[in-house]
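Each chain gets a letter, A, B, C and D, in the order it is written, and its residues are counted from 1.
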Amino acid sequence: MGTVVVDVMPKQEILDPQGQAVVGALRRLNLSQFTDVRQGKRFTLEVAGDVTDEVLAAAREAAETLLSNPVIEDVVSVRDADAAAAGQEDAS
Amino acid sequence: MGTVVVDVMPKQEILDPQGQAVVGALRRLNLSQFTDVRQGKRFTLEVAGDVTDEVLAAAREAAETLLSNPVIEDVVSVRDADAAAAGQEDAS
Amino acid sequence: MKVGVVTFPGSLDDHDAARAIELAGGEAVHLWHGTADLQGVDAVVLPGGFSYGDYLRAGAIARFAPVMDALIPAAKGGLPVLGICNGFQVLCESHLLPGALVRNDHQKFICRDQKLRIERINTAWTGDFAQDEEITIVLKNGEGGYMADERTLDLLEAEGRVVARYLGGNPNGSRREIAGISNEAGNVVGLMPHPEHCVEPGFGPGLEGLPFFTSVLRQVVSA
Amino acid sequence: MSNLPAYKCDTVDIASQDPQAEQPWAELGLKSDEYQQIREILDRRPTSAELAMYSVMWSEHCSYKSSKVHLRQFGDKTTDEMKEKLLVGIGENAGVVDIGDGWAVTFKIESHNHPSYIEPHQGAATGIGGIVRDIMSMGARPLAVMDPLRFGALDHPDTARVLPGIVSGVGTYGNSLGLPNIGGEINFDSCYQGNPLVNALCVGSMRTEDIHLANATGVGNLIVLFGSKTGGDGIGGVSVLASETFDSTGPAKRPAVQVGDPFAEKVLIECCLDLYAADVVAGIQDLGGAGLSCATSELASNGDGGMQIHLDRVPLRDPSLSPEEILMSESQERMMAVVEPGKLEAFMEIAAKWDVEASVLGEVTDGENLEVFWGDDLLVQVPPRSVAHDGPVYQRPLERPAYLDDLQADGTAHLNRPRTGDDLARTVLDLIASPNMCDASWVTDQYDRYVRGNTAQAMPDDAGVVRVDEETGRGVALSTDCNPRFTKLDPYAGSQLALAEAYRNVAVAGAAPLAVSDCLNFGSPEDPGVMWQFSEAVTALADGCAVLGIPVTGGNVSFYNQTGDIAIHPTPVVAVLGVLDDVAKRNRSGWAHAQDAIYLLGETRDELDGSAWAEVAHSHLGGLPPTVDLAAEQTLASAILAATDQGLITSAHDLSDGGLAAGLAESVLRHGVGASVDLSPVASRDGVDAFVALLSESTARAIASISASDAEAFEAVLSDKGQAFARIGTTGGDHLKVEGQFTLAIEDLRSAHTGVIESAMSH
């Protein structure tokens, strides 16, 4: 059984009210070293077999069409959860 | 400027309606190789300087106290976005 | 008889809760989230709404407000506290009540008139109900699914701490149809539906929310 | 200023020295003569900031350049008598009416159509956010919202994308603000497939002495921007909203969608109310389309002097924004106030209490110009009126569309009508199961209708009713309506029918109609046929309001709702506001008790062209809409109001789409109380058969239920008012029985009526 991880983040130029609320709360917890927070989504997709290239391609398709809204979000990574994570921040 | 990434996922035994909805939608998109999907959160926390051990410790504190609710969620990873990602799925 | 109503940024039903307290015969005192001072009130309502936008998780940020620094120890010491909807979420995030409230299973906000059964009447907030009384009050939430592990659920049932249960269909995927619970002592109650919208003739689906507020007034008087 | 990012700003100096520089006016949507006009106003070429400002403010969306010549009629046809209750009329952010006892109410309806098609959730959410800020900018506490929505066919796949997103956007934003949603519309027609309509209404109240206006007066008064930080969102949004080229990207490659932050807006509402209560605001303006460009030029234009603004003092979310982008940004949840210097400290304290960021951008000057600086560089120096109010005005060509004669000639007379009672029963079931008539609770259950505890009634009643004064119970009723099938067949009659329906809904609820707002959704103004429809609609509404004696207090125009050459049906959504001295007296729809007498008020003619029946049974649209009879509407209103006042009515329901059949079915389904009805008094008096009696959409009609013991008194009131009526039956039982025709079990009615939208959305 394999797992694909898909990371989706709000576009840099888009307002992220969730992240802003967290920054404020961290300040009240005296964790004010964090100057900016952005909140995105992390999906894990299970497949019965191994995470093959086809599976990754399918996951990439899912990421672009369903898991993210390209108007306001970027897919920042689609990867095999178990693989060494080189290039993990790369969705291409 | 450095960035810490915090990943939070719903606990395995907790129903994840969002993930379930995604499974259903994937099936309709003929992407039915994905048998289970879970949706969690991914945070990026910016700091002015480098991501030192102290920064990571602070981020871990934020992750445990604020960014996750231990009743329903697990912190699956707290890491420097730029570091090699060995052990990335490890919050300890 | 003074009952405090806390206003967090993003609280919405604070006005309604205060009105309900007054209609029940009490005096409503507005408490501000930013001040760790309960102003000597005899009980507190944490009202519904979207404190801090419910960003992150419902109730998660409000839990760290200064007023909670005063409220948490007071509640542990026996002060009657009712958390309605968002207030219930704050109580769970504060660990004054076990479990958590998650996104409705159907993933939509839902507003409807909901039938409930009141299963625990020896709490500060339900004394004016009859055991197993069935009432209809407003339900409205986006993250109202009550979740806890099986052990906790069993414990709640065994100790009779399920205060209210949904009837006529589970509106949000709550475990075991749980609509409200209490702490062991019964002074802290969390309730997902909104009794404060059911206290005035002509507004809301009826008057069956009023006993929550009369109960606490009577309890405080007799205490 | 050395700490500013080093932009090579195009300044007024440079513009004067380099008059021939090429400028991208065409890309910004300006016409060549408009660009020339700007050069003449300034007596030089505009700077790039000025060009951006004019291009957006002179867009159709902001300048009303195609509609202005027509909208004038709203003012011109308002008589002094109609103005009596009008405290603020057209021209401000929203109109204000006097509802008595020192209370003023402000309401307005606006569109957010194009953004909601691109990003349904955020588009609809920011639509609610924008209209709520308009209401706040009048000094009012927002009380409630409504959302008239129009979608393509229910079973079209794109509807399943657009509808849930729009509904969740309206719901999330409004619910998070703590504003009850008290009504709206959900209408499906394939003409909206590529152009869904998201209209949003907000109503607010204040004491009459607390009305605030958007003007910057008093030399030395400070201009304060407060609310969320400014980011790059929505730059070019106004171009998307308004320009001819639907997908134009505007001055920079920034996203055209705005993302809403309802929490920030909720805090902003409470902050504004505290500011008003402390009397520290001299003038106030919301920021919406065209952002700072619009707010500064409108404030200055409405004031008596000039204004200086420093863009480098705007708190930014994205530090890479250029000054031009800051000027144009449509970041949400921001307001602009004019504050006397002596009151600034108090202002800032209140803002800090709510954690709302506020910064002084500049001040009111004794000059004549709006001047915008970036550090020491002067980027904008313009007469504010030329930007905000004296934009181009077009007298666009009009032409009655050629297709109209054929369309109107193609009536329903040749269509098969149900002949037997069984046929009629099936027709009724089909009708109440059709997308436009089915139960809407899948949508409306996503909206909080109870918050603040002042909602006396909401969906599915005919009008939303909210209490304004908690002591006395004084309150308002609102309804929004438009049947676009009627406006397609005859835009003049159809627009008056929309007005009549909203008026009737409010009156049937027991409120005295007082004022009107409208949202005019049309195709391209460059199409003479569309422009003709528009002109007919405005004329019809202005004429109709004059007859009914209720003024138009404001509204909104949305053009370019078309895909290729195909425009939407003309959709002038009309909102009517009425007053009740005590909302406890309002009439609910639907039967709550057995043994009440059922009355049909008004007369029924054979009017089925454009009806719901023609659509559902035959997919037919043609002929002429029902007769408009505004005098009859007034009679009906006065009869119902008189009976309401005497407490005689147990329920009342307006008849419109689907006629009496729909009215009866809905009344039965409301509380599950059946009825037994005999149509013969109507048939013999009006010369119609059972089918026409049940399915005609003749106007100025309503049904009411009355306790049997009050029947005599009720009939006396009706006779006194000259209202035609017929006693047609009695409530009670588990069936809807129409004597001699059919008997339908309530369960069967219910199962036909419910789950329709839900099942379409779950595919």
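Convention: a residue touches a chain if its C-beta (ideal position, glycine included) is under 8 Å from a C-beta of that chain, and two chains touch if they have at least 3 such contacts.
None of these values were measured; they are calculated from a predicted model.
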Item checked: Chain pair, B-C or C-D, that carries the greater number of C-beta contacts -> C-D
Margin query: What's the distance between the Cα centroids of chain B and chain D, rounded to whole Å?
Written below: 42
Note to self: Roughly how far is chain B from chain C, centre to centre by C-alpha average, rounded to an integer in Å?
What the structure shows: 30
Notebook entry, point to check: Distance from the CA centroid of chain A to that of chain B, rounded to the nearest Å?
Noted result: 8
Check: How far is the middle of chain C from the middle of chain D, if each middle is the mean of its Cα atoms, in Å?
Finding: 36
Item checked: Shared interface positions of chain B, touching two or more other chains -> 66-67
Margin query: Where in chain C do residues touch two or more of the other chains?
Written below: 52-53, 55-56, 60-61, 64
Notebook entry, point to check: Mind pulling the chain D residues that touch 2 or more other chains?
Noted result: 261, 263-264, 355
Check: Every touching chain pair, please?
Finding: A-B, A-C, A-D, B-C, C-D
Next item on the list: Mind listing the chain D positions that touch chain A in their complex?
Entry: 118-119, 122, 228, 231-233, 254-255, 257-259, 261, 263-264, 317-318, 331-332, 355
Next item on the list: Under the touch definition given earlier, write down the residues of chain B that touch chain A in their complex.
Entry: 4, 7-9, 19, 22, 25-26, 29, 31, 33-48, 55, 58-59, 61-62, 65-67, 81, 84-86, 88-89
Next item on the list: State the interface residues of chain C toward chain B in the complex, per the touch definition above.
Entry: 56-57, 60-61, 64, 92-93, 98-100, 102-107, 145, 147-149, 173
Note to self: For a test of understanding, state which residues of chain D touch chain C in their complex under the given definition.
What the structure shows: 168, 171-172, 175-178, 261-264, 266-267, 354-355, 441, 445-456, 467, 470, 583-584
Notebook entry, point to check: Taking the complex as given, what residues does chain B use to touch chain C?
Noted result: 10, 13-15, 17-18, 21, 66-67, 69, 71-72
